[in-house]
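Chain lettering (A, B, C and D) follows the sequence in which the chains are written, and residue indices restart at 1 in each chain.
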Amino acid sequence: MSEIKQERVGVYVCHCGSNIAGVVDVVDVANWAAEKLKHQGVVIAREYKFMCSSLGQELIEKDIKELGLTRVVVAACSPHLHEKTFRTAAKNAGLNPYLVELASIREQVSWVHTDKAVATEKSKAVVSGAVSRVIENVPLEELKVPINPNTLVVGGGIAGIQAALEIANAGFHVYLVEREPSIGGHMAQFDKTFPTLDCSACILTPRMVEAGTHPNITLLTWSEVEKVTGFVGNFNVTIRKKARCVKEELCTGCGICEEKCPKKVIDDVFEAGLGYRKAVYTPFAQAVPKYPVIDKANCTYFLKGTCKACEKFCPTGAIDFNQQDELVNVEVGNIILATGYDLFDARRVSNYGYGRLPNVFTSLEFERLSNAAGPTNGNIVLRDGKTTPKSVGIIHCVGSRDKNFNNYCSVICCMQGLKFAHLVHERTGATVYNFYIDMRTAYKAYDEFYQRVLEEGTLFVRGKVAEVTDAGRNEREKGKLIIQVEDTLAGKQRRIPVDMVILSSGLQPRADAKEVGKLFGISCSTDGWFTEKHPKLDPVATMTEGIYIAGCAQGPKDIPSSVAQGAAASARVLDKILQKEVALEPVRASVDQEMCSGCRICNGLCPFNAISFLEDRMVTEINPALCQGCGTCVAACPAGAISGTGFSNEQILAQIDGLLLRNIEPVEA
Amino acid sequence: MTSNGKPKFAMYWAASCGGCEIAVLNIHEKILDVDANFDVVFWPVAMDAKYKDVEAMEDGSILLTLFNGGIRNNENEHLAKLLRQKSKILVAFGSCACEGCIPGLANLSPVGEIVHTAFSTLSTDNPHEIYPRVSFDVPEGELHIPKLEPILRPLDQVVDVDYYMPGCPPESHQIAAVVDLVIKVLRDEAQLPPKGAVIGAGNSTVCDECKRTRNVKFIREFKRIQDIAPVDPTLCLLEQGIPCNGPATRSGCNARCPSAGAQCIGCYGPAEGVVDYGARLITAFSSVVDAREPEEIERILDGIPDPVGQVYRFNLAGSLMKAAKPAWQKA
Amino acid sequence: MTENFEPTIIGFTCNWCSYRAADLAGTARMKYAPNVRLIRMMCSGRLDPTFVLRALSGGADGVMITGCHPGECHYIEQNYKALRRYLLLKRVLKGMGIEPERVKLVWASAAEGAKFASETTLFVEEIRKLGPLNWGKPTERLDDLQEEISKTEEVPA
Amino acid sequence: MNKYILYPGCSMESSARAYMESMNAILEPLDIHFEEIDDWNCCGATEYLGINLIPAYSLIARNLALAAKQKNGTRTVVAPCSACYLNLAKADHYMQERPSLGAKVNEALAAGGLQYTPGTLDVRHLIDILVNDIGLDAIRNAVVRPLKGLKVVPYMGCMLPRPDYKNRWSDHEHPTELDDLLRALGADVIDYPLTTECCGGHMTQIGPETAFELIMRLVADADDRGAHLMATVCPMCQMNIDAYQNEMNHFFGTDYHMPILFFTQLMGLAFGREPDELGIGTELVSSRNALANIGVEVPVTQEPSAPRKKDEGLPMPRRWTKQEGKKEAVK
């Protein structure tokens, strides 16, 4: 057995109020540690009500100074919560912070076991493991890495725009990448916004213009991120700037090309399939930037090599058919993902008939219907484009709170349904039914808006709509869409004939969310939204340092929350930039080149290309800047020539022996 | 010191094949240096010294004892303890003493089964099923033979060992080098290495001395060397799908086997500071497997039909597990 | 005897997924068997087969290896390497006469606290059925080799 | 040559003889070969499963056991009738899902020396193999007389698409397989929203008013949409709408005349076969006028059932007199 190192270890067992002490006999654990682990170097073992409190930390600091402790073990909550706290306490007392180990006896013992005796015994084993491990810890210094002040914001919706503006106004450069020809996101498609009924474009376009003209913002629209390498403070991002076939420096945005273009195409992105656009187009009038793009899939020139109308009529000769995609490489310190959401595909609910019954519309389609700049200039009409509906049914929770589709509540469809009810009333005077299961109007001035819509005479039916059908059974139903619903307040089945049905469909993660997550090294939750670092306390950060998320990409939310998250993410980025450098966990791998035989077995293991082979000396080398500390090569090296700080073989092997209480009984011969 | 002033030298062989003894002779004329500088007092294979002669010596009077072979029966254990008592420097000489070697593979089966296999299987003509007995009365008196220990143990699991000299057998040029070193120490021209050190070997692995070219390895199939015709003489054997233990085996033999066209089977034992040799090979071979789906990985791993033999051929007794479960149950 | 046999199990978790799944099981107060003692590593790829052998030979009756689902590894693909090592290690354990079911690999993402808890309890039951490993401690006393051999036959007079 | 095992079911030989004849008529042009399960028995239709599970499933599973024994190079059992298809599919599914049920059923089958392991057979409906195996192109090529001008309402019935254990159908509420097939025959297919609404099933026996209500909805909507006739895939649907349409009219005081044929009869016509070979004309609500739209002359083989003559005796009590009060159509 290795000889007993003469470290002086302090053990501190936390009550955590009753969270731990309620199940684990903390006094017994402390006494046990003091007695049984003495020969390993435990000189003091205390228990205290709240170790993470300032008093608790002072306990540690006092002991380090007075008893000359060289190692500290705190048996309390999860290292993800208070590892930093106790490391700082040690640092204040002059002990290297990496000589502190946290033993989790709350999340992994007291909260999950009921038998008090067993929980206490397990806590002792966990403390023993931590003590054996901490003896093998070595002092480490955090790796200081400079932060590149530039920031990449992915997604030009309201959240992305807010984040970009906040950082740019603080004087730092932002690259704002947007997949569509113009920034604005889904909000640009709306007519009014709830609850204030502000015209969506009126409050959005000023922000878009500000972002479009801001000296510190480089707008990269009609572009997508292809590759991301590096780590916090030093990301290298490759962006594909798709060819617009329009020379931005010459184009004045006059729109003649769009006017003259003979090819009409259904616009199923901005107009949600209700309106048309030309083969060369800008998605909407207030588009930022104003430069149009040529849709190669539908442009006659690219299909048959003829036409070229846009080129002929362009006053400044800005059209350039053989413009190629361009790969732009940018260096940034932090990245904010504000990639937004996809609308739930209402066709999946086949009994609501969307896609089969003409007069069933989705929420985005209705937004375009009611929008003055929309295909019907704001007139709410049926699919024939002429007749105004006399009665309209608005169905909530389409695809949400439904175990066949999405379990979660999409937060905005209730208010969206109420907004539609108001707009239909205002524009057509039709009778409006809203079919809901719970009316969720939780935020500021939301419920007041619900009261107002009630007073306007909207008929609310509480019940989950079973079916929308056009099989009328009697004169009252002929030629109408019949909504079959169980009215739970009236307690009976009802068949309500209406002219038009609007599906207030829910929000869903982007179809490519998983791939985008993998591109930036973050994961998605089971529902598919980007996973935040902590659902309550850290919603805009992710588990990957330097990558932040904002807006609906993190989960369904309304515009005020998206804006708030955009600003929050930018604040997190600004505090990183102002620190000028970031301290990286000193968890790294390194090669002892004396022992390395150049067998190259580890060379293929590193996805971060941190492992390189020196042909001349036939040995392997690890670049500490690129190494992320996963330890795969440490475990793989057949010669045992690669060691890893923070999670070394000695530490883990010692912890195994400690957990199995092999260090307690004198080891038999 | 003996009467003629020369330090005493002893060599003993426990559970071994005698190859280590031959390797000592294999240092050719240097054997004369041994004779010139040492007084060989105990060397059962070479001279007829008796145990009681050794018991009569004073403790620590033998300067250098090269002990090869694992501890299989109680006689081995007795001699190990005796020589430990009598020797100043006790060297675990060769793979058997260091980590059990081929005899150590017996630890895969219970001891009863070993004896049964030895004395009454197809190849043994034993119609009356006569088995050895630890003691047996004959007219002349009571005969004794050593009793088998339940599992074979390397030397350092029985007595405290000063130095380890791996290899099956240790290379003669390494033995010669150690002899020279000890001679220099006698003349105070050199210092003994720290206690417990491995001598007569390198501090890297076989690949360091192997002349074959090595690239990044992506293995789709493991094959036995005889199934590959012809074997590329210059390319790393592992890259050709042959499970070669070189990457995890200590250097010192100038990659004798790979240079001769065969894969290294690991007789020089683990590299410096390695806790379990087999574990190093498990992680080495799985690191070069180029597959992600479990079924595909299993198909590739089927290319190593006997994983225990592949990764623990020489060091089962010296590994963390030491023996298979059946062997433990009846210990 | 196996009913009240309480197995001791060492669990290896990866910092980003399965350790957080364990924490989530804690914050959600889910109850599971107390027999597993967890060790945190940065990634399941950090798992060295030596750790498993050290645990089994050191008194553990089973080892549970957990990590992120394939494709969701925080370090992109290192859990595949853990899978490969696990599959080869199981073959070696089988060769050593140890029931391969004593070592189990489970993927659990940071959101799957419930799965972590249920898999742990399930594994404890599986190990309880297998009984103690007791590495290095003989389960049957072998007094005399002779008596062992003689059991096989009688020597003719 | 597309080989299948056929489970005809009782109605194909009695009330739905027209379905059998028209099906046999379309096999040859589509190169389909059916081999009937010998000694098959009734499938328990819609009632038996509701009464007692074990004997019901044993009755059904007996057919599967016989078919499994007779596997002539195909594992697909085709059931033209929706009720038979659903019962066979349920038996196969729940014997796998609930091993205890499977065991009891096999225990029962053992009495007859039979056994069935769930999962060995694929249970599929006739239209499923026509659309998915044979394919619409092959059907289109076999059409000699396109049914242009014939307005047809496709009525799938409620048993086929739900429950869909093996996800065979395009949608559970609005499947389009029958629509596509009829369109391939050249007919003007009407988009019919009630295609999977219930036809009343055996409610015609238990609660006639409910059945009439359901039948009235189907017929009324088809009539509103200007359909000449309805096409269905299920003998029970055909019988309920065809045989009870007159009583439904009587009950509601309406005068609908909506003929309903099997889709195979229309396929026969499209393939150039004569009406009498397809059992056309045997339906109670005559399809003469409907088929006149495409110039098909339906021979009057059978006197339309004349209303019963009043005999001199005492008047017969009306069958549903106790519902007299609620006779007017449900508003």
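To be clear about the criterion, a contact is a pair of C-beta atoms (placed from the backbone, for glycine too) under 8 Å apart; a residue touches a chain by one contact, two chains touch by 3 or more.
All values derive from a computational prediction rather than experimental measurement.
Q: What chains touch subunit A and also subunit B?
A: Where subunit A and subunit B share a partner, that partner set is C.
Q: Count the touching C-beta pairs: is A-C or A-D ahead?
A: So, comparing the two chain pairs, more contacts are at A-C.
Q: Go ahead and note the Å separation of the Cα centroids belonging to subunit A and subunit C.
A: That pair's centroid distance is 35 Å.
Q: Where the centres are mean C-alpha positions, what is the separation of subunit A from subunit D, in Å?
A: Between these chains, centre-to-centre, one finds 52 Å.
Q: Provide the C-alpha centroid distance between subunit C and subunit D, rounded to the nearest whole angstrom.
A: 57
Q: For subunit B and subunit C, what's the span in angstrom between their mean Cα positions?
A: 31
Q: Tell me, which residues of subunit A touch at least two other chains?
A: 605, 635-636, 649, 653
Q: Hunt down the residues of subunit D that sit against at least two other chains at once, touch-wise.
A: Within subunit D, no residue touches at least two other chains.
Q: Counting only residues that touch at least 2 other chains, which ones in subunit B make the list?
A: 275, 280, 283, 287
Q: Once the touch criterion is applied, which pairs of chains come out as touching?
A: By the stated definition, chains touch in these pairs: A-B, A-C, A-D, B-C.
Q: Touching residues of subunit A toward subunit D in the complex: what are they?
A: Contacts found on subunit A: 350-351, 353, 356, 467, 469-474, 478.
Q: Report the residues of subunit D in contact with subunit A in the complex, numbered from low to high.
A: For subunit D paired with subunit A, touching residues are 171-174, 191, 193-194, 197, 217, 220-221, 224, 331.
Q: Which part of subunit B faces subunit A closely enough to touch in the complex?
A: 203-208, 214-218, 238, 246-248, 251, 270-275, 280-281, 283-284, 287-288
Q: Could you list, by residue number, the parts of subunit C that touch subunit B in their complex?
A: These residues of subunit C touch subunit B: 48-50, 53-54, 56-57, 70, 77, 80-81, 83-85, 87-89, 91-92, 95-98, 133-140, 142, 144-146, 148-153, 155-156.
Q: Please output the residues of subunit A touching subunit B within their complex, sorted ascending.
A: Residue list for subunit A touching subunit B: 594-605, 613, 618, 635-641, 649, 653.
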